[in-house]
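Just dropping this structure here.
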Amino acid sequence: MTSETLILLSLLAPTVGALLVSLTGSAPNLRESISTLATLVTFGAVAPLTPRVLAGQRPRLDVMEVLPGVDLAFEVEPLGMLYALVASGLWIITSLYAIGYMRGHNEQNQTRFFVCFALAISAALGIAFSANLFTLFLFYEVLTFSTFPLVTHHGTEKAKQAGRIYLGILVTTSVCFLLLAVVWTFQLTGSLEFRPGGILAGKASGSTLTALMVLYAFGAGKAALMPFHRWLPNAMVAPTPVSALLHAVAVVKAGVFTILKVIVYVFGIETIAAGGHSDWLMWVASGTLLLASLVAITQDNLKARLAYSTISQLSYIVLGGALATAEGVLGGGMHIVMHAVGKITLFFCAGAIYVAAHKTEISTMNGLARRMPFTMTAFTIGSLSIIGLPPFGGTWGKWYLGLGAARGDNHLFIFVLMLSSLLSIGYLMPVVLRAFFRPPDPESNSHHGEHADEDSGSQHASHKGGRHEGIQEAPLLCVGPLCAAAVGCLVLFFTSDQILQLLLPITTGAR
Amino acid sequence: MSTFGLWHYWVVIVLMMIGLYTVIARDNLVKKVMGLNLFQVSVIMFYVSMGKVEGGTAPIIPEQASGPVVYSNPLPHVLMLTAIVVGIATTAMALSLVVRIRETYGTTEEDEIRKLDRAEHE
Amino acid sequence: MIELFPDLPVGYLVMLGALLIPVVPRRLVGPYMLALPVLGLVQLWSLPLGHTVDLSLAGLEIQPTRVDRLSRIFGTIFHMAALLGALYALHVKDRLQHVAALVYAGSAIAAAFAGDLISLFINWELTAISSVFLIWARRTERAYTVGLRYLVIQVLSGVLLLAGAISWYAETGSLAFERMELSGIGSWLIFLSFGIKAAFPFLHNWLQDAYPEATVTGTVFLSAFTTKLAIYALCRGFAGTELLIPIGATMTAFPIFFAVIENDMRRVLAYSLNNQLGYMVVGIGIGTEMSINGTAAHAFAHIIYKALLFMSMGAVLHRVGTIKAAELGGLYKSMPLTTVFCMIGALAISAFPFLSGFVSKSMIMTAAADEHYTITFVVLLFASAGVCDHSGIKIPFFTFFAHDSGKRCKEAPINMLLAMGTAAALCVLIGIFPDYLYALLPHDVAYNAYTVTHVVTQLQLLMFAGLAFGVMMRAGIYPPELNAVNIDFDWTYRRAIPALWSQLRTGLVVADQTFRRDYLARTASLLVSGSRETYSPKGRMGEPWATGPSSLIAAVLLGAFLLLYYF
Amino acid sequence: MTLHLPAIAILLPLLSAPICVAVRHALVTRLLTVAVGWGSLAVSGELLRQALSGAPIHYELGGFAPPLGIEYVIDTTTGYVLVIVSTIAAVVFSFGATTRGAALPAGREHLYYGAMLLCLAGLLGMTITGDAFNVFVFLEISSLSSYALIGLGQDRRAPVAAFSYLIMGTIGGTFFLLGIGFLYQATGTLNMADMAERLASLHRSRTVHVAFGFLTVGLSLKLAVFPLHQWLPNAYARAPAVISAFLSATATKVMYYVLVRMIFTIFGATFVFGKMGMDMALVPLSLGAMFVGSLAAIFQTDLKRLLAYSSVAQIGYMTLGLSFNSVNGLTGGLAHLFNHALMKGGLFLAVACLVYRVGSSRLDDLAGLGKCMPITSAAFVTGGLALIGVPATVGFISKWYLVLAALETGQYLFAGLILLSSLLAVAYVLRVVEVLYFKAPKSPDVREAPVSLLLPTWILIGATVVFGLRTELTAGLARSAAMQLLGAGS
């Protein structure tokens, strides 16, 4: 198949899938088969593009000229390829997981859920493949609006309020800042194309560029830079598959992806590094990174904690871009993948815990690993990857980010990254600790004594495991995907070379 | 020309002000219509006076045309025929609406109508 | 000789093998656990010196294994420690502990063979992650918090290493783990990272904090790997760095005071561990062939006798349920074998002639004397006496003799006794035949520990230490063993910083909430209610005006326009 | 035939109206109206094509040469507006339930159709004529018929709204008439082209200044520029939804066109902006409209009035585009003319569908209809997205040009304010979406609207998306129109 066909197919497959799903809403099995089929077709269309991009091709699809100089066009370049692979690849397992979750939980409005979900993926792929700022902005907004019904899915007052905040912040930032920046860029350069080396170089004064940088950075509200981060914790009222794929992968990555893409292809790394236009952004990103980690420690709701963790991790990527060095951008791109897989594991686990044990608060998760060993093992692996410990993927993102900071003579930000790693231990490991080592709460287990001695403790463990209802995992369609995601964390550690090969061309010309 | 030389303009302005004031200040819908009429009439007066040329005759070509004849500009007068029609149509329309309002609300006072609307709204 | 698994990095056999423990049939767990370190050791010795394993990962050339003499001696002793520990832990049913312990051992071994900073970092972090499970497995409330604290500090060391490696790479373009100068920011970060794991003064508290809280068997593992890995890393990276001499000297001296007054016997051992590390650090700082040899030898000997001591104390804890000096005493009747083994360990750590401590510690002392570090030498001498006092005498005395606590229990389980016996035998063997140990050392040595002066001096020193202990006990001025928590530098992070943090957090939370509630929320609600008042269908702007005012505004606007245009 | 097309464009609806009244048969008049609607569209399209292919068309009505005779002039701008108006007319006339919601006794529908056709004739006439007084005449034709149409509403408040509109509209129309009178006094002609020629040397004349004042205020009243918009919300809210769709999509648009003509063709941009400082007045009023209109829309409880207030805001965008006095600004304004006609027409038709089934446009009565009437609700949501200005809808195109114009002229603040005000649209659209989708339905057995209603609705709504992507017909034309206007004016 030609690359054009593949691009078109990858964009249309989810949309057509959504259409078919909406028509087959009354037959759940058929509906979910179609939904799953759409995920496979989509990934099947995205994946074959990878070797072509690796070989240096830049497949392009021009759809139409909307306004003079403003085109609806797609072009596959490494960064977008990576994002598309992540989004479409993880969609497959999320789709399976969602079936298990939604059924296991008897959710309402499942058809609307699957339709919006597919549309959101389509939008994410549109963002990934966009050839210019207009196309990117178009799909960015489509993504916002298609995920809104998912956030308000439950229709409760709380969900509606969350939906208002969600839409409010995302639309406000995108319209007031991002669109303004896009039009401004167009006014300055007469072009919106993403071009290696950037289009803004020499077209505007330094202060204008810095102002544009501000608009872009905050305009990509999906990147959840403080103080425009509040939508993300609020979005957690959505069903867990939504949080997992969209609010840990597709939506938030769309934000940081936009920032990276703008830095690389609109400003040009060179221009930014020479003019120091992103110096302020390093501080904002660092502040967000640390503050969000601190807030995460105080959250008792697991999903809220993960949401704040996401905010913190996103700022890694923004920081990578802001460093304006080749390594920083590489690290940012890599961290998109690493964090996506790690965080989706964690969210899957959170959802599985909710489905199987109906627990949302961390303080109630004592001894959960005895009931849900697979889930909690996966959670541990995901946590370690997020913290950035070997042998899990998260290590490499952090390595290149740190290297980017060192190369740009911004050693301070290495410490920020490292400090944040420590803080992430502080908010992730207690969950692991509770689940594996603390005895289950008395309410779920009638009596237990103080067992200070470790031997009786261990016997106690096995004994208790036997007496407790035994293993009570979530449905297979939940546990399977989450284990797959956990394995992914491990695999990524060893396959990061390929990611690097893919990404390397984007930094040519940078120092 | 002195200020008073343009007395017809003053008439126009006074008429217009009276009309507008009536529209603004009166609550009765019929009175408003009357004010509106006055207002329109003032404009017709304005046009008619504008077309009048001092000492001019009616714009009819005399049978024994001997040299230039001073006659009033006929165009504004012609235009006003249309304007008068418009005015009549407007008045008729307005009054028919008032009739319908009166039928449903039982009053032609605007403030009372608004009060009734608001009460129904709540 | 046939090379066994030449492509598998050293240490990974144990590490990966450990991951299979959960699926090994129950009866085979014991043999399997013992086989792993043995196999690992065989693999190590089948590989020639200079053997490397090279990989490319994430665009970086890395070298997970590089066999040379320095790494080989550390690798050997790590394998032996793993074997001893596994033997000692055979009775434990909790497989999670087994997995953690052997992954921990394996990663420590692998770290000792890391040829580049990345693989060092990877294994460095793996030791941190896996070891914390040995603490948490104690399953006490205190162990949870301690474990978390321990993990944070260990990972801190890891991320400092990562940061250092990044900076080092950015500065030099090389990732090879070789000797480095304390010049750029990179090497300083790496130094600091090693320093944390080596328990440098003021960076040491995690050690005394965590080790006594681990499980009985876990502490044995912990005592063997983490700190000695740091010693290895310092040996590799910073040999001859003069700064290490004062650091090491301080390390030998100050823990004595804490050890003397400490009540928890395992914590006493943790302090003495710190003190022993001091010798090695000094040895590294001196940096001569002799001193490096001494350090390696001391690490080797130390791992064995410290493990032995922790094992014996563990056996007591296992049987009696407490390890507080104040609650112990007179146990020699119940646990005679344990008492003997403990005595051997205690004498070894006190560097009693014909035991392992003597042959290794003296190398460092000699090296110090040779290089004319007089003050350091004196400090080391004083510390030797101190060690003798708290580890050599206090530990066995208060546990097994002293006033009878009345506690009676069974002798330790057979596998523990076996492990202790093996360790004790090794102590004696090394003490009597030091040449076998010397043959393993990184550099060739021509050293004889058993000169007359040396033996006599050491004996005198030990006598005086014993005398002092006796006199002080008689006179009743020896610090009593009280159930009290001693305040160390860790007060700052266990009390002061948390207190500060909670103050700060409360402040931040209050400020944040005030800002949100009193400012943001109020402004928002004012805005909303204000707009609602104005723009709702009942408000001024939300409902169309009557025709009167509407016409008025038209007239006013016209007037304004006309005035504006007219003038 | 083609020679007389300009006259046919007007005569077609104008003569059909009395025929309707004469025939008095519901179905026949209905079909006639639909046919006239589409016929007008065909004629307008042809006229636009001709205007584009060559010089502006000049047509002397009845063969009398200007300045005495009345001249019809069709240039790009005219053709563009003609097409807009007749498109909306064709679609709305085709809407199935035209007389539903109107308080007509059976057998009197022909009057309704007659009024519609008259209104159309007036609107087309205003656009096409090149004679200033003729504009007034057509203005009154369309106004009078729209008063009647609004007054037809079943709602008992409809006559009140129509009456208010009548008062304000008449005042506006009379101001306009007075303004023309002053201009005639100053120039001695009623032909716009001649006027423009003669005014060029009369920039300092006070008569001209006063004429300008009366004309602007008069037109602003009819255009519902803030704060002269008070008649609009109730007029649109009380009229039958179809009427609202037609009027909101055409009436104010044509008035905007007349304003543009007056500024750029008659007075000239130099005079209006340079001498009179029109932008100084227009900018604050436009901003006021954008914010007050949107804010008021947020808090409305009636869907039609919500849309009406949103129209007030949208008119603000158009006048703001005008005030920039630049190609991009005027392009934005003119493009928004078309775009807003499509979205508001479509949205009001969607409301008409809802009202057709539920009988009320109060938000409380529309709860949960997203499930019962999915196609209608989807149409409303799509139209709402266009109102917000989401890319790939027409709203985005207008916003793009407006912001571009603001940035071009260095007015960064306005650029921000334009974007900020479009956020308010998010708020009021979101409110409706929440009501439609996230509330329990009041009566779950409501059925979807019939196809004859959905089809016209979706034609307009679909067009908002199509023209959001294919913009040669909208923004492209608007741009060439703007260039023609500015080129002619300066």
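Labels A, B, C and D are assigned to the chains in the order they are written; within every chain, residues are numbered from 1.
Rule of thumb we're sticking to: a residue touches a chain if its C-beta (ideal position, glycine included) is under 8 Å from a C-beta of that chain, and two chains touch if they have at least 3 such contacts.
Fair warning: this is a prediction, and the values are worked out from it, not measured in the lab.
S.K.: What chain sits nearest the middle when you go by CA atom centres?
M.R.: That would be A.
S.K.: Let me have the rounded angstrom distance from the C-alpha centre of subunit B over to the C-alpha centre of subunit D, please.
M.R.: Inter-chain centre distance comes to 27 Å.
S.K.: Between subunit A and subunit C, what is the separation of their C-alpha centroids in Å?
M.R.: 35
S.K.: If you average the Cα atoms of subunit C and of subunit D to get two centres, how far apart are those centres in Å?
M.R.: 78
S.K.: Please work out the Cα centroid separation of subunit A and subunit D, and write it as a whole number of Å.
M.R.: Each chain's C-alpha centroid was found; their separation is 45 Å.
S.K.: Among the residues of subunit A, which ones contact at least 2 other chains?
M.R.: As it turns out, subunit A has no residue touching two or more other chains.
S.K.: Out of subunit D, which residues touch more than one other chain, so two or more?
M.R.: Residue numbers touching two or more other chains: 163, 167, 171.
S.K.: Mind pulling the residue numbers of subunit C that touch at least two other chains?
M.R.: 537, 546-547, 549, 551
S.K.: Which of the chains touch, listed as pairs?
M.R.: Those chain pairs which touch are A-C, A-D, B-C, B-D, C-D.
S.K.: Taking the touch rule as given, give the residues of subunit A at its contact with subunit C in the complex, in rising order.
M.R.: So the residues of subunit A in touch with subunit C come to 294, 298, 384, 387-391, 395-396, 398-400, 402-403, 405-407, 411, 414-415, 417-418, 421-422, 425-426, 429-430, 433, 436-439, 451-455, 457-462, 493-494, 496-497, 500-501, 504.
S.K.: Which stretch or stretches of subunit D touch subunit C in the complex?
M.R.: Residue list for subunit D touching subunit C: 163-164, 167-168, 171-172, 175, 206, 209-210, 212-214, 216-217, 220-221, 227-228, 230-234, 276, 281, 292, 295-296, 298-302, 305, 309.
S.K.: Once bound in the complex, which stretches of subunit C touch subunit A?
M.R.: Interface residues on subunit C, with respect to subunit A: 56-59, 91-94, 96-97, 118, 121-123, 125-126, 128-129, 136-140, 144, 147-148, 151-152, 155-156, 158-160, 162-163, 166-167, 169-171, 185-186, 215-216, 218, 318, 321, 505, 509.
S.K.: Taking the complex as given, what residues does subunit B use to touch subunit D?
M.R.: Contact set of subunit B toward subunit D: 20, 23, 29, 32, 36, 39-40, 43, 46-47, 50, 75-76, 79, 82-83, 86, 89-90, 93-94, 96-98, 100-101, 104-105, 113, 117.
S.K.: Where on subunit C is subunit B touching in the complex?
M.R.: 537-538, 546-549, 551-552, 555
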